[in-house]
Each structure stands twice: as C-alpha cells, then as structure tokens.
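Think of it as A, B, C and D in the order they're written, each chain with its own count starting at 1.
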Amino acid sequence: MDFRTLLSRTAPAALPATGLLLSGCGLRGSHHALDPAGPQAGAIGSLWWLLLVVSAVVFVVVMTALVLALTRYHETPDRENLPAQAHRTVMGWVAGGVGVTVLILFVFLVATLLAERRIAAIDADPEALEISVIGRQWWWEIQYENAAPWLTATTANEIHIPVGRPVHLKLNSADVIHSFWVPSLGGKRDLIPGHTNRLSIQADRAGVFEGQCAEFCGHQHAHMRIIVVAQPPEEFEAWLEQQRQPAREPQTEGEIRGREVFLASDCIMCHSIRGTTAMSQVGPDLTHLAGRRTLAAGVLPNTRGHLGGWILDPQGIKPGNRMPRHTFPAEQFHPLLDYLGSLE
Amino acid sequence: MNPEGPRSAAVLPTAGPRAADARASHHDLDRVWSPPEGLYGWLTTTSHTQIGRRFIVTAFIFFLLGGILAALMRLQLSHAESGFLSPDRYNQIFTMHGVTMMFLFAVPIMEGFGIYLIPLMVGTRNLAFPRLNSFGYFTYLIGGILLYAALLLDIGPDAGWFAYLPLAGPEFSPGHRMDFYAEIITFLEISALVGAVEIIVTVFKLRAPGMTLNRMPLFVWALLVTSFMIVFAMPSVEMASAYLILERLAGTHFFDPAAGGDPMLWQHAFWFFGHPEVYIIFIPATGMVASIVVTFSQRQMFGYPAVILALITTGFVGFGLWVHHMFATGLPSLGMSFFAAASMMIAIPSGIQVFCWIATLWTGRPRLRVPLWFVLGFVFLFVMGGLTGVMLGAVPFNLQVHDTYFVVAHFHYVLIGGAVFPLFGGFYYWFPKMTGRMLNERLGLWNFWLMFIGFNVTFFPMHELGFRGMPRRVYTYLESTGWEPLNLLASCGAAVLAVGVLLFVINVLWSRARGQAAGDNPWGADTLEWTTTSPPPNYNFHFQPVVTDRYPGWTRGPDSPVVVGLKDDAHEVLVTTTLDAVPDHRTTFPPHSIWPFLTAVAVAVIFFGLIFTPWAIPAGAVLAMAMLILWFWPKHHVLHRGHEEDAP
Amino acid sequence: MSAPESSYFESARGVRTLWLGILAGPLLWFLNQQVNYLLVRWACSSGHVIVLHAVAATCLVGALLAGKLALGNRRRLEETEGAESLQQERARFMVVLGICSSFLFALVIIAQGIPNFILNPCGK
Amino acid sequence: MISRNMDVSGLPDHAFSHHSLTWWGVLGFIVVESTFFGVLVATYLYGIGRAAEWPPAGVAPPTLLWGTLNAGIMVLSCWPNLRYKRAAERMDGPACRRWLLVAVGFGAAFLAIRALEITALDIRWDDHFYGSIVWAILGFHTLHIVADFTECVVLAFIAWTKPLSPHHFADFSDDAVYWYFVIAMWLPLYGLIYLVPRAL
C-alpha cells in the first residue's frame, strides 16, 4: 500500500534505465499521476486508491439496487398509498443508505485532511532547496538563486533536482496565469501575477519527469512543457556549479564567427548569454543552451537540425509564440548553429 | 391597509357541474389569449407556451452548434500534432463550446421547460410577467446570434468560457474578441435573471386554489429552487463581466496587481456564480427525473419531503463550493478545506434523491419506456460523475487532476449524464403534450443506446488521460506523450454520440408530422398539465382547476372542482396566497406587445455598441429608456379602455 | 371553523417559526463557512485557532436550536385534534422540512469544524 | 362526488403590497440588485484586505460634505415617500399627485448633489484599484437614482394628465417601495465609501 517505500526500494534498480534515458533524446519520461516518484505524489496516490475502492463499491451497490427495483416482482396496485409496513421497510433502507453515505463522506473527509497534513509536513522541511520558477507565455524560466547575484544560475524549461531532498519551488508569473504540474511528483500550483505561490516536490528516484502548464494561458498553452531531471546529489551539485558559470568561450573559428553573428543579430533583443554583451531578459537565457534536453519548452529535442529549424521558422512550429522568424544567409547560419551548439 | 376580510369572504363555493357557469366560452378565451398572426405576432406574443417552446427550440439549436464545435475539437485531438485546426481557431472553438453549453444551452433550455410547463403545472393561464418573458427571450436570442456572428467572423472570444484575467484583459487579449465575451455575457444573463423572477412569482402567486406548498409538483419545486439560485448567483458574474468591460473599455484596475487589483478577484466572483451554475443546470433535471420516475412507476414519489429537502439543501450548499475551483491557486489550505468539506457534504442531498428515486421504482410498477430509459442512463452516469465529484473535493487529489482531462470527464458525466440525459427523457416525456404526437419509441431506443454507449466511450477514457498528464484546453499534444490511442478512442465515441443525437433530431422531425396521436394523458401522468388537451389551448385550461391533492392528474375527473367567475373576455387570472394558495384577487395581464422586443433591441444596442465605442451608453440608454416608457405606458391606457368596454 | 390553536400556523408568527426552522440551519451554515474562511489568515497571524472553533460551535448550536424549534412546532401540531385542515397539512410538511434541514446543516457545520482540528491555519 | 366549484367573481380585481404580482416582481428585482450591490461591497472589502494602505498612499478619502448631505436628504425623503405610498394605497388621487411631485423634487436634488459629489472626487477610475471601485459603486448607485427618477417623472406625468385607475395606484405604491430600496442601499455604501477609509 505504501508506494513510497516500494518505490524507494525499486529506485536503485531503475537507475541504469534512467541513465539510458538521460543519454537519449530525453523526451520519453515518466508522467503518470499514479506512478508516483516522490512522497507528495505517493500520499495523493494512496488517497486515490481509498477513494476509488470505496466509490467502486458504492457504485456497484447503487446499480444493483436500481436493477433490482426494476426487475423485482411488483404487486402494489395503489398509486397513492403504500401499506404502512412496506413504507416502513423501504424507509428503513433509504435512511440506512443515507446514513452509510454520511459515514463514508466523513471517512473521505478525514482521510483527505490527513493526507493534506502529511504533505504539509513534508513541505515544511527546512533543509529544502529553493528554486524560483517564473511562468512566461509560453515557457518556464528557472532560477537557482544565490546570495551572490552573479552566482544565480538561470535556465529554461528544465529543472534539475537532487534525489531524496525536498525542493521548494517559488512560483511567479511574468504575464498571465500558468500552472506548474509534474504528475509523478505531486499536485499542481498556479503561477499568478502579483502572487508568490509555493510548491514542494521531491523525487525519491532518479529520472526524467515530464509535466506541462495546466492553466490555459493563450495560444501555445498546449506547448508549454517542462521536464524535471532528478539526479543523485553529487551529480546535481556538479550540474549546478556548471550552470553558474558564464558561457563557454568559443573555441573553433566557426564558433567565434557564430558568436559575432549572434551578437550582431536581433537575437540579443530578447536573449542573454552570460559572459557576452547579450543581456536581455525577454526570452530564455541561452548561456548553457546546448546542455538542455529540449527546445521551445519541451516541444523539440535539442539537436542541431531542430535548433536550425526553430530559428528559421518558430511560427510554423509554435504558431503565435513570441519568437519572430529569422533569415540568415548560409554562411552566417552554420557558424551560428556551431556557436549555439557549443554552449554546454 | 389591505381589506383582508372581504377578500376571503368573497370565495363562495358553488355546487353543481361546471356547465352552470355559462359565461366562460372557449370562443372568447381563444380570442383573448391567442397571439396575433404572422411575423408581427411572432415578435409580440406573450404566450408562455409559445415563448417556452421557442426557448427550447433555440436552446436545442445552440446545443447542436455547441455539439458541432465539440466534434471539431474531437477531430483535432484524435491525432497527435494534427494540423486540422490552428491554435487560434481551436481557442475560439473551445471557448465558444463552453459559453454555448453553459449560457446558451443549459440554462435557457431548463428555463424554457420551466416557462412552458410551470403555468400548466400550477394550473394558471400564463406566467406572472408575460411581457418580461418575451423580453427575456429576445435578449437571449440576440445575444446568442451576436456571439455566433463573432465566431464566424473570426472574432469569437478565445480566452475560455471562464475568461481568467489577466489573459482576458486588455493587455493579453487586444482586439474585440474578449469584448464580445464581456459585453454579451453581461447582456445575456439579463434573460436568465428575468426568467428566474417570473418563475418565482408565478410559483408563489399564481398556483391553482388548493395547491399548497406540499402539493406542488417536484418539477415546480426544482425550478423554484433553481430560480432562487439564479437570483443570487448570476449578479456575481454580471458584476464580474461588468468589471471586465470597464477594465477593457475604461482602463480600470480591478484585476491589475500593479495598481492594487488582483486577478484572483475575477476567480472569486466568477466561481461564486460558476459553481451554483452547475446546480442551476442540474436541479431542474432532477425535477424532470422526478416527474418521469413517478409517472413510469405509477407510484407517488417516495419521500416527497425528503426530495424537496434535498433540493433546498443542494440550493444552499451549492453556494459554498466555489473555492474548489481554486484549490491550485495557493489559498490557505485550512480555508480551502471548509470548501472541501462542503463539496463532499453536497453528496448527501444527491444521495437522498437517488435513494428516493430507486425506492419509488422499487415500490411501484416500472414501465420501461424511452423516458425511463433516459432516466436509468442518467442514474448510472450521474452516480459515476457524483463519485468523481466527491473525489475532486479531496484537496490533494484535486491538485493532481484539476484542469486535466479527468475533470473534463467528471463534469461531462455530471452535466451530460446529469442534465442532458434527463432533458432527453423530458423531451420524450413532454413532446406529446407540446405537439399532440408521440415520439417514435423504436427510434427512441436507438437514440438512447447510441448516446449512452457513445457517451461512455468518449468520456470514460478521459479519466485515464488526466492521470497521464493531459491538461484541458490544449489544441494539440506531442506524440511522445502517448495520449493518442485514448484520444482516438474518445473521438470515435463522440461520433457514436453524435449519431445518437442525430437520430433524435430525425425522430422529432418525423414524429411531429406523422407521430401517433397522443391524447391528453398518454403516460398516465400525475400532474396538472396532463389534464388539459395536447397541445394545450392558448389559455391552458377552460376553467382554472381547484386542486384537492398532490396528484391531480390521477385523481381529477370531469366533475372535479374548478374556478368560475373569471372574465373570459379579458386576460384575467386568479392570484392566490403564497403558502396555501387561497384565492386572493383577480388580476389582468397586459396584452401582446411589440415593446419588449424593441426594448431588447435597444439594450442590445448598448452592449453591442460598447464593443466599439463608449458613446453606446448614452445613445443606447436613451433609446432603451424610451422603449421602456412606451412598454409600460399604454398598459394602463388599454386596460382602462378595456374596463370601459367591459361595462354593460 | 378551525380551532384557534390550529390557525396558529396561518398567523404571521406561526409562519415565521416554520420558516425559521427551515432556513436558520442553512443560513447559519453559510455564515459559519464565510466567517471561518475570512478568519483563517487572522488565526494564522494571531494564533487564536480557538476562535475558529468558537464560530463553528456557535453556528452548530444555532442550527440545533432551529431543529428544536421545528420539533416544538411538530408537538404543537400533534396536539391539535380532529381532521387535518389544508393549512395544518402544509404546516406539517414545513415542520418536517425544518427538522431535517436543521439537522442536516448541523452535520455540514460539524464536517466543516473538523479541519480546524487537523490542519494548521498557516498551511498553504 | 359533488364538485364544489369556486366562484371568484366577487374578489377584487386589483391589490396592493404583498398581494400584488408587481410588488413581488419589484421585490425580485430588488433582491437581484441587492446582490449586485453585495458584489460591489465585497469587491471593496477584498481591496482593503489586499492593500497595505487604504486608500493608497497619497490619496485622501472622498470629502465628507456632499456624500453626507445626500445621505441626510435621502433619509429625509423617506417621509414624503411614505405619504406618497399611503396616498396611493388610499387611492387618494390629489394627494398622490402632490406627493409624487415632491418625490420628483427629491430625486432631482439627489441627482444634483450626486453630480457635485462625483466632481468633488480627486481620484479617477483609471488611477488604481481604489479609484476603480469607488467610481463603480458611485456609478452603479447613480444609475439606480437616474432610473427611478425617470420612472417618477413618467408616473408624475401620467398622474397629472390622465384619469387614475386602481392599477395606477398600485404602480405608485410599488414605485415607492423601489425608492426605499434605492435609499436603503445608499446608507451602507455611504458608510463604506466615506466612513470606513477614515476609520481604518
């Protein structure tokens, strides 16, 4: 019954498999609310099974009563008056049914409140890691804040978390209401302009967990996906340390040329690459673009071909999104892709 | 200062057959109560049977249109990354699907049945405010047409029927799309509000003598509770959409956090209406179910007071649930849990009703005809939807499935299962009364089973899609999500469902022309509407009946007591007291009139004009005021002259 | 003519008690919910969860008193003798509604009182 | 079974107060509109709950003079309104005509003062949330005064130009009920707009 222990036992076995996934394109992750990967989703899963089993019994009983009512032998001819004895019997059944209903509902209520309390207790962990998530039309900005502002790591559409440690997400929106939801890790929470909401998640096994914006937010609501990559703590720390660094300097001639193209283009109107003069905050931070699994908020695998396609025709891939079409002559375009592809 | 004494003394029971009263004649009644002919008659009629039928037909057409939109969505979603609809179109379509089904179909059709049936069921000649009724219909019709015109012109609202701010605000929805939403919703709901006031006053003051509170048919009770809910719920959405108008038109800051506003204010105001709305749709359906169950088990409703208790309880608790649409917004969890508790407790009255219906069938002799089949389908689907509803009340579980296809599945089970199935049962049940002909039974069975199977195939898989992470309101999804097979299955189910509905349309068209003649009371039903002819005459009853028990349809005979002494050459009806329906005075209804229609047009000018210019307010207001004055002006004049003419 | 006692439920006073029996429960429930909902943030900042309990308890007592009133009305009805008049029949119906609605809403108030024992008012 | 028909020809053909259908209709719309006002009040209180300062920093609450004067005159107008309603229910034509004129006079006074009240505001509806809700409340209430004032003028015109029937008197009586409502609504709104910000 306790999914948490079950899963924490099976998690080590799952590691090699997730390793394989991580090395692949990374799009096939887990995303099922009843396949919990953390204690929050686990608590909700247990609550669900209770609700389901009791409800199924109730449903079967009511349907049986309905079928019996239709098929039993009837002999009462009078439309208006029922013999007192029969009335009492049926009244007893009805009252009993109502009584059982009340009882079940109170059980549901208490079970719900206890599950809620359990989740709240996990959420209160002072050791938690805090990550800031900002919803934007139609992508997610992720910030690992640091007391030293220059050590703040900013990325997009991909949250890395350490396995086994609670994570507090600080949720804000830069435009309309969005909702953060990764089913394997727990319930959702809205990102509302003017409010700072919080949500705690925790992964008890390594893996890639997918989610998606759950509150309608305009044209590309359908393509506002997010992935959570749960890694062993040391792997996570290494990743975070790398993310804090400014962008890798271009090495090859193509990459150097690519950076020139980038900095001369209108890309810099929206994007920033830390360590260069591109510092705009409108679009996703590209400092470590090549290290991400996906492009365009989880829509495309991050390959050179897809990146090129995305730059040339973003409106064909995500109609209505904020990135305009660009045309580059081939002699600029290939170096640009070289450079962006080198930003690990 | 009211002459209470002489009033009651004036009621003199007269012995003898009704023929003793020679003054009443079919001919005079018919002349007085018939609407004028032709287009002018269509625009001016105040007859509740005509307007009620019109509400039902119009709302059903909107149901078909909303269904077509749903079919387009299912077509788009049947395959991953389908290019059939652009996100821009899809967003308009899903918004209009919601707006249509909630505002243009469900509420108006329930009110339409109420408008048609309630005067007949309480034994009077018309609704309390016949001209207001006509006004209500035209506001509804004009509002619906304007919304669909916008959709066809590619300027249909596209921020969802719930229109959350700031997405629906001026910054993120520039252009006129959401102006249409804000203006037309505000305008349309006028219709629901006037309908509710009419129904309340009719039920309170125009019941046949002897129809005390505890003899009112359950359908009348249901519509009474619904109307009260409308009166308290609709103003909330009206005010919210008025704020939205101001926000978009005048630059106010109700929802702008940068200037002290809050987007959550919209959600509170919207759902304070939005949740009761669900019960506004569902409660009339339970009234239909009660009528059908009683008639087809030939047994009085088991636990009549318990069922009414359930209706009243649902009506109240329905106002204490709205926050459960906002569990994910980060409100304090203790505060939310009060709403979670209420969301679960509302299952008690629903349970009481289900048990009483089953008990009625149990103690009666059920006859399995098409209306009862629809009710059985209803019980199946509604119990299922009700149980998922209880689950959704559980806050943590809600946070997983909120705004996913699980919720889509849930509310279609309670809205289609809980309201559309009873409604179809109601169509089969009252069609003979409205047209004088029976609907075809065999086609009806096909209709039922195709709808029932199609419905389950469409919506049951959506529960699982929700668990798999599929959010609502997405125009497409990636193939890698693995949602395609279940979506394809759902789309196939939708096709079956659509064929079922099509069979119904065919059945209605065929039966209206060639159906078997019905007679006054083909089902052996118990309520007053079945004691008059099918279809009823314009004046409903030759003599207003005097009711002596709860089941006049079963107990009344040709010699049963009636009301005599009402003028049959004027629109005169009897007004009775609220609790015990004791005759109080006679009142004369105003005649047919064009002004309600013109007033509706004038009010439409205000709201439609506001989409484009604020000057619409003064211009439209002067126009509307003029129409209103003309509407109320001639009434006394005509009445007065009428009095003089009446004098011998 | 009916006895003076049986016309009690036609008098304004009698009718008022009948309606009170039916409506007091739901109205108190609504009050309980709204007040408690509004007080949550305050209870968090001040730490006085007891006030939430007090509101729920007061409303519960009120609903039960309405039930008692309705029960009293039923006794009054049972005391009247002879054939039941139209008005008495209707009054009996309203009394039954009043008893059931009072106790049903008492139940709902209890259900809404439970979270105060389990959850922390500061929890999000 | 002998049927006992009910002869109602002796009943009156008009009624006042809660006997009349129109009274119930008016009551219905009063409830609807009270709910509207309730939503406005709730919005205002919601704003207070969200704001750190109410009214926002640098904004003074509306000046007391005109609002208080209007509230005072409205309370005073209950008296002629009562006379007007009573005259209508007695079917006293001459008295009714006179009191109707007085009512029109009061309506004109409310409107004139309301105009001063609105022009005295030093905030705009598009300044901030506070400005929006204050304007919305004042505007919505003014709409009611305008509507009822117009109705009063029309009724006065009818009263002075046509022979009056019992139905007219019933209408006059219902109109008076509506006036009470418009006045009764102003008192809590006055407290909300003028007194609450000062008490906070």
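Operating definition for what follows: a residue touches a chain if its C-beta (ideal position, glycine included) is under 8 Å from a C-beta of that chain, and two chains touch if they have at least 3 such contacts.
Only a predicted model underlies this, so the values are computations on that prediction, with no experimental measurement involved.
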| item | value |
| --- | --- |
| Pair joined by more contacting C-beta pairs (A-C or B-C) | B-C |
| Chain whose averaged C-alpha position falls nearest the assembly-wide average | B |
| Mean-CA-position distance for subunit C and subunit A (Å) | 45 |
| Where subunit B and subunit C are represented by their mean Cα positions, the distance between them in whole Å | 30 |
| Chain centre separation in whole Å, for subunit B relative to subunit A (CA means) | 39 |
| Rounded Å distance, subunit B centre to subunit D centre (Cα mean) | 31 |
| Subunit A: positions in contact with at least two other chains | 102, 105, 109, 113, 116, 120, 197-198 |
| Residues within subunit D bordering two or more other chains | none |
| Overlap residues in subunit C, where contacts from two or more other chains coincide | 107, 111, 114-115, 119-120, 123-124 |
| Category of the chain touch graph - line, ring, star, complete, other | other |
| Chain-to-chain touches, reported pairwise for every pair that qualifies | A-B, A-C, B-C, B-D |
| Subunit B - residues contacting subunit A, complex | 86-88, 91, 159-160, 164, 166-167, 172, 257-258, 262-264, 298-300, 302-303, 306, 328-330, 333, 337, 340-341, 344-345, 347-348, 351-352, 354-356, 358-359, 361-366, 368, 376, 379-380, 383-384, 387-388, 390-391, 393-404, 466-469, 471-478, 480-481, 526, 549, 551, 554-555 |
| Subunit B - residues contacting subunit D, complex | 1-3, 6-7, 10-18, 20-21, 128-129, 132, 193, 196-197, 200-201, 204-206, 209, 231-232, 234-236, 238-240, 242-243, 246, 250-254, 256, 259-262, 265, 268-269, 543, 546, 557, 559-566, 572, 574-575, 583-588, 625, 629, 632-633, 635-637, 639-640, 643 |
| Subunit C partner contacts - residues on subunit A that touch it in the complex | 102, 105-106, 109-110, 113-114, 116-117, 120, 197-198 |
| Contact footprint of subunit B on subunit D as seen in their complex | 1-17, 19-21, 24-25, 28-29, 31-33, 35-36, 38-40, 43, 46-47, 50-51, 56, 86, 89-90, 125-133, 135-136, 150, 154, 158, 162-163, 165, 167-168, 171 |
| Interface residues, subunit C side, partner subunit A - complex | 107, 111, 114-115, 118-120, 123-124 |
